[in-house]
Amino acid sequence: MAVLGLIVALFAFIFSFAAPVFMSSGAELMSSNWRPENQQFGITAMLKGSLILAVISTLAAFPIALGVSCFCLIPKFSKLAKPVIVVTRLAAGIPTVVYAVCALFILVPLVRQSFTASSGLCLLSAIIVMIILIMPTMIVLLNTQLAPSFQRHQLTANSLGMSDEQVICKVILPVSSKALASAAILGFSRAIGDTMIPLMLAGNAAQSTGSLLDSARTLTAHIGLVIATEKGSPEYNSLFAAGFILLLSSLTVTIIVRRLEQTHAAHD
Amino acid sequence: MTKQEPKPSYSPRRSCRTHWLQVYALACACFFTSLVGLCLAYIIYRGSPTLSTSLFFGDTAPLAAILGRQPIWDGIWPACAGTLSLVATSLALAIPPGVAAGIYLAEFPKSWLSRCVGPAIDILAGIPSILMGLFGFTLIITLRSLTLPTANTSLLLSGLCIAMLILPYLASTTRTALLAIPSQLRLTANSLGFNQWQAIYRIYLPRCKTAIISGIMLATGRAAEDTAVIMLTGAVANAGMPAGLLERYEALPFTIYYYSSQYQSQQELNMVFGAALTLLIFTTTIFTIAGKIISNQHDTF
Amino acid sequence: SDSSSKQNENASAELKVFADQSGKLDIAGGTAHIPVMKAAAKEIMQFNPQIKITIAGGGSGVGAQQVAEGLVQIGNTGRPLKESEASRGLISHAFAVDGVAIILNPTNPVASLTQQQVIDIYSGKITNWEQLGGVENPISLYTRDEASGTRAVFFKKLLKQTPIAKSANVVPSNGAMKTSIANDPAAIGYSSIGFIDDSVSAPQLDGVTPSNEACLSGEYPITRKLFMNTQGEPSGITADFIQFIFSPSGAAFIEKSGYIAINAPE
Amino acid sequence: MIHSNKSMPANKIIGNVSELEVALDNKVVIKCDQLEIYQNKIHVLTGPSGSGKSTFLRALNRLNDCLSNARTRGSICLQIDGKETSIDKLKPTQLPHLRRKVGMVFQSPNPLPVSIEKNMLLPLRAAYKLSKPEEQEITQQALQLAGLWHEVKDRMHLAADKLSGGQQQRLCLARTLALQPEILLLDEPTASLDPQMTEQIEDTILQLADRFTIVTVSHSLAQTSKLADFIIKAEDGIISASQPT
Amino acid sequence: MIHSNKSMPANKIIGNVSELEVALDNKVVIKCDQLEIYQNKIHVLTGPSGSGKSTFLRALNRLNDCLSNARTRGSICLQIDGKETSIDKLKPTQLPHLRRKVGMVFQSPNPLPVSIEKNMLLPLRAAYKLSKPEEQEITQQALQLAGLWHEVKDRMHLAADKLSGGQQQRLCLARTLALQPEILLLDEPTASLDPQMTEQIEDTILQLADRFTIVTVSHSLAQTSKLADFIIKAEDGIISASQPT
């Protein structure tokens, strides 16, 4: 099948371009110094940026997404749940650049004014928008998995004198732990793979930073920036290294999700 | 009958009036909806005053512009047209193999091909879009140096890369829908002497029609909004109306990205919000239709 | 109005070569060039809609890269080609002189800087506007991406190759640089002189106000040329387009965009 | 057919249904003008498929409230904790308690998707504060009462849905019994079970009547005559008392 | 109990099952050493729940192949189109024909999610090339045979799942009959139907035996004795012939 061919091609491309890069300058790539003028091409700062952005936004978005999907389950709120579901769907349909534009004009000035040490283009801004970006995806996924489970067991558990909240906390959530995990993982992979938000909001400074108020660059934004450089130059080559790392991370996530699903299926 | 032993007297648990979960869930829901509401309101607030013929057509006469007699400058119409052609191209490229792969995966899960295609599609689904763009770009460079010196970044290339991006959606919605068919219905179809293709074509697919269509809708939204891919594969700041599959083009999300970071005038800033609102209307329409289809589906099954 | 109608006649005379042509021309690269390219392309396409000209930015790196790969017919650079680039058969056509100037937010009271101060700011030694006589506020550094010609010139001629602090925000075009600086009161950045307008302020550098005149007279030292590059000798529409840029109406666009036109190399 | 209840002299009324009407999807599916429920008696509810038997049972502990398309009117009075309670007037927060006191076992076995032990303990813990040994004891007693203890005592951690259908059915019964209900609603507890299993469950029901008031649904005439102290007829949605066999 | 078949003199064997073994999830659920099936007779398959009755029926037209977790061994010979056919040796492409000839009606009604008419026509069209009038005729005949024609003839475009349970069951029967089977497998055709409906279906089955060979599953002793020419017992997965009543 053509699909298969294309995927193989994609892997072959990235690998074949990345391999020589790693071979010849692996150590150099693994430094945290990105100073093309000084012939330093380390991309670990970008890796760190990607991880910080993805991990923090997933950690922050997940509990909220979980709360929202519980909200949609609780019968007491069923009248309000419909609009919330509509909003979720709407939110899932808002293009990434539109979120980024909103943030550029609302959030960045706000952060700039609140923290004098920051130019507003920083990890914090990117993280906040990333949270809004990945939440709807997670909520939709959680809803599709939790709602049927709740419907199936609600009558039973209610008949046993459990309140709806008890049903959710004691039965539905524990039983759906795999669904929760796959929602979190999905959010993470979306966060680590997104380009436009960090490119437009995180400032893109190639520095290894621990502060959320600092400007930082992610692997994806790095690809977007250095693809413009001369082909064959070390800057240009570093993009395949970045691509390779991203590919590895998406591969890992895919494998984890598949594992989860398989054990899930085995459980059923 | 022996004498009844006294019932153990348990101490009943106080049922607190409002469970903490209610409060938490309510807070989350408020937080989430207000954030999204804020974004939407802002775009509508800034975008709606800009909606006018000059937003779309710049200083060109609208009719001449639509008929293609006059090039359009400083208007987002070419970007709208570009996005539409891009969506059409990528859907045309993605739907047949996507749906076919979904059917194949659901119906022949044991074949060696499924064993390869299944994971491949999963992996494809996880690939960040910028990588797909990078792939498209290197593909063109490689093609040029190997066999096709005229190959260039173009609408077709972007369409192809986006098709690869949305193909897993289509495949997995189709597959999920087919797998969700109750095994009872499968048994029934088989017991009535349908062969496998007849069963798929006459029974399963009609039943999954709505699910598949809504998958296509979601994929359309994805195709319309992606920026990272087209940035690397053929979208440019100024191209006029899309002239063909092998030409460069303008696209709404790229226009938004481009001008939002470097607007030089009020007019260019207006283009940002006008384009954002237009794109928003486009994708939400699509998502709403998909949502309608999904909820109807719940009603009928 | 007399002169302007004469100009029009001239312009249409120059446009005549495009009259019966059709075809396409792809341009990419330096973001400093975009206003000129856009104005010229608009003029040509309105004269003859059969000609399609696409314009992409990306920076000088993109210009050199894509024209060398043959992806575009004209690749713009805001710096001379590197040897590695020139060795791929590229020919440069310099059409304008431009300067690179420090720009600040207009609310920033700092009105003049020395080259050493700029070097200290960009290498991270000076971190607060207070140290430069401004208000107490940490400096936010902005720089351009690795593909930028403007950055290359700035790095070489103004910073004297002192490494830029890693904490500097990176923006992908001259336009984005200007927009960012205009929005951030504590910002410092640099851009093409042609891009400077009311939304940003350009402080004096060692006592010289950056301007076209100062560039031309050699008073302001951070100057560069803007180039169009082609793969081999240009032909067809590409050649006509380059010719058009070198024509008087081309020069008018160049001047309007804030650069100083260079005459055709004949 | 002689069993202990039959010989009890007085029939004490502990439940009263009047003017009940339940609509599903805006279509009235059951009506019940007047019906009494007697303490420690077995009431068998019979009627053709789709006549509203399950819906009636669900009305008795307001489980229909959980169906989003259900609307209930009329009044139901039950004696709970020794007090007359108008269950149609209860606030949502009081419903869990009602449902513990008016326990229901469904037509098809519906174990929660957790282990056998958890199936017993989750509802118990939601209801009462108990020490570990108390929990143990109640669980064991309930399982013994449902005749399941010996079959599951050494695999309490097995997922409940791995049990056979009949075992699941009895687990659901035990789970309900553990909550100390006063009224027990059984919805076709023996449908699609084989004759032996059926008999076993019937005997259990007869035993249980000593301690609980029972309303059970049955299709089979034999079963009805074996169990019934009172018969309730459901016909086309009309629920009404009938003479005992 | 007298009906036409009982008086037929010779019992012609048209089916032979030997050494059959079906495993689900790698656990053998049915075994059948030896069993004969006789032309135009009613074979009633009885046994407790979970003893493998449905699985056995599915083995007879290789429907177990559709369950991903099923493995079948042993041989089944049936006379189809006048020819002895080893159905375990059939290629997948021949299975649709087998299943038309050995028609099955399931335990619970399973109409396709389309109109009544489409329910009849879709399988028919998949099997044969017929003209419109022929289709009409076959449909009508089959519905008449299943005793449903009068109830549905003027609402053939109604969605099949809007019919009542009993009607659906008969629709499924008609749909199978329309395909002109030679052997008819009926899985508890009267389970969870009320007594009247049950009797109606039983009478239909008796009629059908004149034209088809029938294997039917039943729980009820009364039904078994009313219908059975031969009884097949299923006990813990062991399927074996028993003496006729």
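When the chains are written out, they are named A, B, C, D and E in that same order, and each has its own residue count from 1.
Keep this in mind: a residue touches a chain if its C-beta (ideal position, glycine included) is under 8 Å from a C-beta of that chain, and two chains touch if they have at least 3 such contacts.
Only a predicted model underlies this, so the values are computations on that prediction, with no experimental measurement involved.
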| item | value |
| --- | --- |
| Least step count from chain C to chain D, where 1 means the two chains touch | 2 |
| Per Cα centroids, the chain farthest from chain D | C |
| Result of counting contacting C-beta pairs for A-B and B-E, higher pair | A-B |
| Nearest-to-centre chain - CA centroid comparison | B |
| Farthest chain relative to chain E (centres taken as mean CA coordinates) | C |
| Distance between the centres, which are taken as Cα means, of chain B and chain A, whole angstrom | 17 |
| Euclidean distance of C-alpha centroids - chain C vs chain E, Å | 83 |
| Geometric centre distance via CA averages, chain C-chain B, whole Å | 37 |
| Residues within chain C bordering two or more other chains | 69, 171-172, 180 |
| Per-residue multi-chain contacts in chain B, two or more chains | 15, 141, 261 |
| Touching two or more other chains - residue numbers and ranges from chain A | 76, 163, 166, 231 |
| Residue ranges of chain B touching chain C (in the complex, touch as defined) | 68-71, 73, 140-141, 144, 149, 152-153, 236-240, 243, 247-248, 258, 261-264 |
| Footprint of chain E on chain D - complex, ascending | 48-50, 164-166, 191-197, 219 |
| Residue ranges of chain A touching chain C (in the complex, touch as defined) | 33-38, 45, 108-109, 112, 116-121, 203-207, 209, 214-215, 217, 225-226, 228-233, 235 |
| Of all residues in chain B, those that touch chain A in their complex | 15, 19, 21-22, 24-29, 31-33, 35-40, 42-43, 46, 97, 101, 113, 116-117, 119-132, 134-135, 137-139, 141-142, 164, 167, 171, 221, 224-225, 227-228, 231-232, 253, 256-257, 260-261, 272-273, 276, 279-280, 283-284, 286-288, 291 |
| Residues of chain C that touch chain A when the two form their complex | 58-59, 61-62, 64-65, 68-69, 82, 84-85, 137-138, 140, 142, 145-147, 155, 161, 163-164, 166-172, 180, 183-184, 186-187 |
